[in-house]
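Same chain, two partners: subunit A is paired with subunit B first, then with subunit C.
Right, the complex of A and B next:
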């Protein structure tokens, strides 16, 4: 309960605190959430059961039972912890961006977003899940509208309409499967007996919603434009957290609810994920805007995660969880790097950059570490995640494994190209001040997490494994 | 019965108090009378026995009480928010308010009738004041056009309805709806007269609620009528017409379900598409509202296509949520008060007057069906109830919600934008009256927390 309430209260209070204290207030608020998350994680004993709180309320005239049912298992808790840490990082990395970080509206919206995200990860009730899922759209929409770059209106409409239609498809699935079950609680929905055709309807609805949000090829067209036009904090929220909602949704809702449809859908999703991996990586190589490069890189990485989740081997699922965590941190790092350049120089065009490493060695160093994590160098968590994912996909079908494995090479190409063009070469004659303490600290935290998980991923794996095993069990039983 | 009497007296008293030319007195008396009517209805709920209960023309059952209460709430809100406009014509304040209350009287009869005769009377009492009110802006040709158009098409629809009732009487030999139901249950062979009558009655209803292909009057009439009247038509008239619609078709024609269901399915889908697709291109706000209301009629029709135990209640809840959002938007429209009623005139509303802007955004999102607003729960109840029987229809309805988000969102963006730097559109002043702020406050509270209604029993 307090997990959900803390960000909500902080969002409300943010409206009334004095202007000067906003930035400090934001960091303190985020830290409180992190501490609450850590306390829950320390007290948590890994098991396959949900620690749930059920409060039943019957509706009018004995019609539709409606439950406030929330709680977590290892997977949910991991996502909660991830959300809290990433929100803290987003606020920290924006600390020097006066126009955004000192705005009450911004801080309130970020906390509100955190509230919605935690709701998504904690809901054990279909309707509640959907409500939080939609709620998360509002703050990101407003951040985008109020702080976005020029020409945002088109991108904004595209983003909102895409995701909203996707969500409606999910609403269809939820109420459709609800007609086979006594209530919306996840246990009842999982226990519902579907025919193959109705399972396809349910699965398809979820799939559209999640494919848009992840985004999977060919539902990705909103993403690069949105990422590029939105303010850095918005990009981080989208890239590091919102798309994880969809990946989490696949594990928690889509697969266990309608596994009857898996036999026809697995192949499709693996192929779409694989196509996205290669296609987006190739596009990323050709981009000149640094943020667009990372936007396409993001499509490429999450395509791999989605493909890994759907093949449903324990290895791939574990890898997916590790990679979800890793990708969140790396995305924050990469978008922060792009934004640092943007803040200092006013543009992010790779062709006009160069020689930054001479002027800002600290920045160059940390940026390099993040890039290494992004291309899955051993000893970073990216390596663990991608290795397990590709191993799982290889086990499903070796051809797909090999093809998707090329991501390792392509990622090197676009990442190092972006790094090389911006950091090395002759200086183009501009001043580039080095990192401030807040930026440094953000990079430092990202690096610590990424390296720690790369060296010792076992505690994360222990946490998520019972839940993942239960998922495989559910699918096998059905 | 007591409620109806109080309401009728209120309307009369309002008219006569008008001679005193004290608008505030008129306002408080009429609101008091409406509240009294509501109280009488609530008494009726707890003590169903009532004097004059032997009269069989109307029956205040639970269904009628629920619909009537909502109609009364909406009327109070509209009178309050439109008071500024009524007051600007001192001579006529009482006439406007009195006519609205008479119309409400008709709406309440329409949700409580027991025979076709009372139903017809209710419909006429509901409609005639609106014909007059639509033309209340006498100096505006659009308003006169609206009034005339509504009158001619409305009179035509009434004629068709009467014709239908006559055919039905010819087939069944009775006006009472329960006897008609009985007749259809027992009849070995139903004469074709009944089917023709049913079709005529159906078309008249579709006209009144503004469903495609009988919707062409509604954008013009909504656009030309004074804003409070538009709000009244969207919220209360629709409520009355839908109440009568579902009552008649679930009681009198329940046995003919297989006959009218396919037609209604097709029309529901058509109505949704016509409303949503036409709304995309609108630049005037009230026309946008008109087309959006057509789309909402389409969603509401789903409750009748897929009849379950909860149909009437779902419809009630849906119209309840829709009415709050529409009244809020109409009030905002009166505050913006742009002469040509352009959507672009809403630009900068969010900055100039954050509260009004906030309410407008919430109302638009509620119409779009974004959770956790009341509009979402309205849609949700309808869809969740119908999906087991007709998943394809619900898929179409959800697709339409997706189209709908486009024009609602466009308006939201306009409201939240910075005030325009271009001088093409002069900036409105966004003047509010305290009464309007109260109305907006009530509406926004309802939209934000109305979902909680589902949790109480």
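Right, the complex of A and C next:
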């Protein structure tokens, strides 16, 4: 329970602490959550059953039974740990960005966001899941509104309409499947017997919500604009954590609730995911705003994860979990790099950049490491993730496997273009101070995690495997 | 110590070197950085040597398991057999000489420490590639080599004039390699589907079992995928254009890439998978002809290149083509033999060219050199030995290894032999052209350059001398009857001893008088080219024409057969077009158009609906009644 309470309390207290202490307070608050997460992880024995942390039944007005039902399996715990570490990284990497990091509003919103995310990952009750899902929109919306760049209103509108329609569809699905089950608890919902048609309705509603959030091609058009106009912390929250809610939702809710729909939906999702992988990668090649390049790169990567999840082979699912973690860290690294350039020069236009490596060798080195992790070279977790994902998709249909595999090549094209245009060449005559300690530490942590999981992914695999096995079992039984 | 204990050490030493120099390099003096990197690689060499002498049967050492799922186990595991240790000896042996050379060559470079860090990591990646016991480890090293080459080719990225182009060359190398890597990756998936494992020993056991039924198409697919991977790393058509561009890196890097590491990876992969290729004769055919074509094309392009390093680069591509001909013929040992001798003389030539460039104050154009033999005698003599070795001059190492491949080609069919012989002839022509233009005649550079001409320091000439000795005597490694009795070939014996699959391959040896005749042809043609080149370039003092004056085949050769232009038009431009137009029209106009269209639609609908809310009761009643009537009609029709 403390997992949820810590960020909530820190979010409330943030409003009353003295201005000078805000930045330190933020880091300490995030660290406490990380420690709490680690304690849970250390004590956790991987199993397929949910480890319940709270289960209380209350009755809402009008007699509707309502469960406070939280718990996790290995998958959920991985997501909790991921959220806590990434939130810490987001606060740390923003440490030198005075206008944001020293703002009480910002710190409170980030903690509130963390609270909502943890709620999503810990809920074992459909309605709770939905509530936290919606709750997470508020802080992101406000961060965007208060700290966003010029031209944010249009992007904000688009983002809001998209996600809101998605969420509504999911709500309908939940209410619909509830009519087949005695309660909203996950066990009851999974046990519900659906006909193929009703399964399609349930599946479809979830799918719209998740397809928008991930985002899958062609539901992605809100994403590049939102990412670009959002402040860096917002982009990181969106890219590293919020979209993971949808991928997690696929594994935890969409597939086990309505596996009857899989036989007609698998192909569609694999194709959409695959199209997104290639389409976004190609579009990224000629973008000149560094952040837009990485935004499209993100679409490309998550398309692969979604396609991998839906083929439901153990390899691909494991790969998806590894890649979810990897993508979060790499996204933080990439957007941090783009923001470091933005902070120092006031723009991110690749055509006007160049020669930074000479002036800031430390930055050049760490940025290069993140770029390599982004194109999934061996010894980084991206390689393990993509290897397993592509293997799984290849096993599903080899043509899709080969086509999606071209991401290996395309990713190099846009990543190295962005890197070389900004870093290589002779100096262009602007000053570029090297990394501060907070920036350095952020890159360092990202690298350590990515390399550790790239060399010894078994640590993560052991944690998530029972849960994934159970998922496959549920689908097979139905 | 036993092999099991020594083997991880071979791998670990360069990694330690890279780590120490990478993290603490800035606090250490240059001499320490360079010596540390060099000594650790040399240390790996001597450990490998001691393994080589005590190795009897293949030894596997499991480090840890990377991925372990119910039906997928991928281990970090090392394998020592004569093939992997032989490769290790080449990599670390030549590698340490190149390190030593770099200590002199890079001494004025501000990126000295970074350079040695990368070199160590390069060696480390290559060692993972050859020492791993399965295709997964191979792939780790395979990509690792790609990254290190990217870093090293683009090493001078901040250069005022060429910095950005160096970066482009590095990127091209990495991306082209990735195309090959995708092929290899798919090959890995196919192997997993067919055999359920990626361990060499397990696959070999399945394939070589008595009752194994050859799934022809599957084997063709697997081997073709592996071969596509090999075309990337080993620079074969169609993926060879990165290798000449990779000359953008500092010269020792070129030597490392071309002689000891990287390009040999594809050869190693094929030899390692010999039992698979033996089951796919169609792939062998493809390999044969691709190799032949590459050999010819590269030799043709090399004829009219004027950059000393570019000539050597194309000669490497040409030699690699020759190697793939050998592999296509199933002559794996002959290929490994030539890889070995090629490593000696190509490292020698590249380091020699580095010494020339060093002396010439970074000039690489052979039109501006000439008469260098009296200024830099050690470089001159060693370079001459390298040139003679690569052209197949009698009794030098290249003579034996090349002749062995030519012999197998002759046994296959005569036209093949003739074409290959032609390519060998071209090699001799362009190599002697370069040699005479650089070292003989009048000096054609600027006064400034002439003033600075000097022989390189000892840490650069010593590696040259060692490599020259190896290039002279390297040919004895696979001579019949040497080291062994009964006319046995030393390397053949070595590989048959404990390398999976190799003992099942028996090559027909030509009758000895045919061999003599072939050798005679080779000797005569080499000497003839030498004599003619001497006449043309020394006696008549003919010089290369300026680019603008070139016509006919010379122009085509100088422009590299327009491969880059063709690729640009076929791949680069269309993708860029798609990226731009896709963004402008599909993404912005079409997809966004739909979204805003929907929004607009709701707005319009709102306007319409607003009118219904008119507040007039009679309209409401009309709507209500028509609704009821509609429902009644619906249910009447339905039931």
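Criterion: the second predicted complex is superposed on the first by the 467 of 478 C-alpha atoms of A that agree within 3 Å, B and C clash if a C-alpha of one lies under 4 Å from a C-alpha of the other, contacts with A are read in each partner's own complex, and residues count from 1 in each chain.
Just so we're on the same page, a contact is a pair of C-beta atoms (placed from the backbone, for glycine too) under 8 Å apart; a residue touches a chain by one contact, two chains touch by 3 or more.
All of these numbers come straight from a predicted model, not from anything done at the bench.
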**Request:** Quick one: name whichever of subunit B and subunit C touches more residues of subunit A.
**Result:** C
**Prompt:** Now for A:330: first (subunit B), second (subunit C), both, or neither, which partner does it touch?
**Reply:** neither
**Request:** May I ask you to decide whether A:145 touches subunit B, subunit C, both, or neither, giving the answer as first, second, both or neither?
**Result:** first
**Request:** Check the residue A:353 against both partner chains and state whether it touches subunit B (first), subunit C (second), both, or neither.
**Result:** neither
**Prompt:** Counting only touches as set out at the top, which of subunit B and subunit C does A:131 meet: first, second, both, neither?
**Reply:** first
**Message:** With both complexes superposed on chain A, which partner does A:168 reach: first (subunit B), second (subunit C), both or neither?
**Reply:** first
**Request:** In the overlay, answer first, second, both or neither for which of subunit B and subunit C A:212 touches.
**Result:** neither
**Prompt:** In the superposed arrangement, which partner chain does A:395 touch: subunit B (first), subunit C (second), both, or neither?
**Reply:** second
**Request:** Identify the overlap between the subunit B-contacting and the subunit C-contacting residues of subunit A.
**Result:** 161
**Request:** Using the touch definition up top, name the residues of subunit A that touch subunit B in the complex.
**Result:** 57-61, 63-64, 66, 127, 130-131, 134-135, 137-138, 142, 145-146, 153, 156-157, 160-161, 164-165, 168-169, 171-172, 175-176, 178-179, 201
**Fill in**
Per the touch rule above, subunit A residues touching subunit C in the complex are 158, 161-162, 218, 221-222, 279, 282-287, 314-315, 318, 354-355, 357-358, 368, 372, 377-379, 383-384, 387-388, 390-391, 394-395, 398, 401-402, 405-406, 408-409, 412-413, 416-417, 420, 423-427, 455-458, 461, 465
**Asked** Contact residues on subunit C for subunit A in the complex?
**Response** 64-72, 139-140, 143-144, 146-147, 151, 154, 157-160, 163-164, 166-168, 171, 174-175, 178-179, 181-182, 185-186, 189, 192-193, 575-576, 578-580, 582-583, 587, 591-592, 595, 599
**Residue ranges of subunit B in contact with subunit A within the complex** = 309-310, 313, 317, 365, 370-372, 376, 380-381, 383-385, 387-388, 391, 394-395, 398-399, 401-402, 405-406, 409-410, 413, 416, 453-457
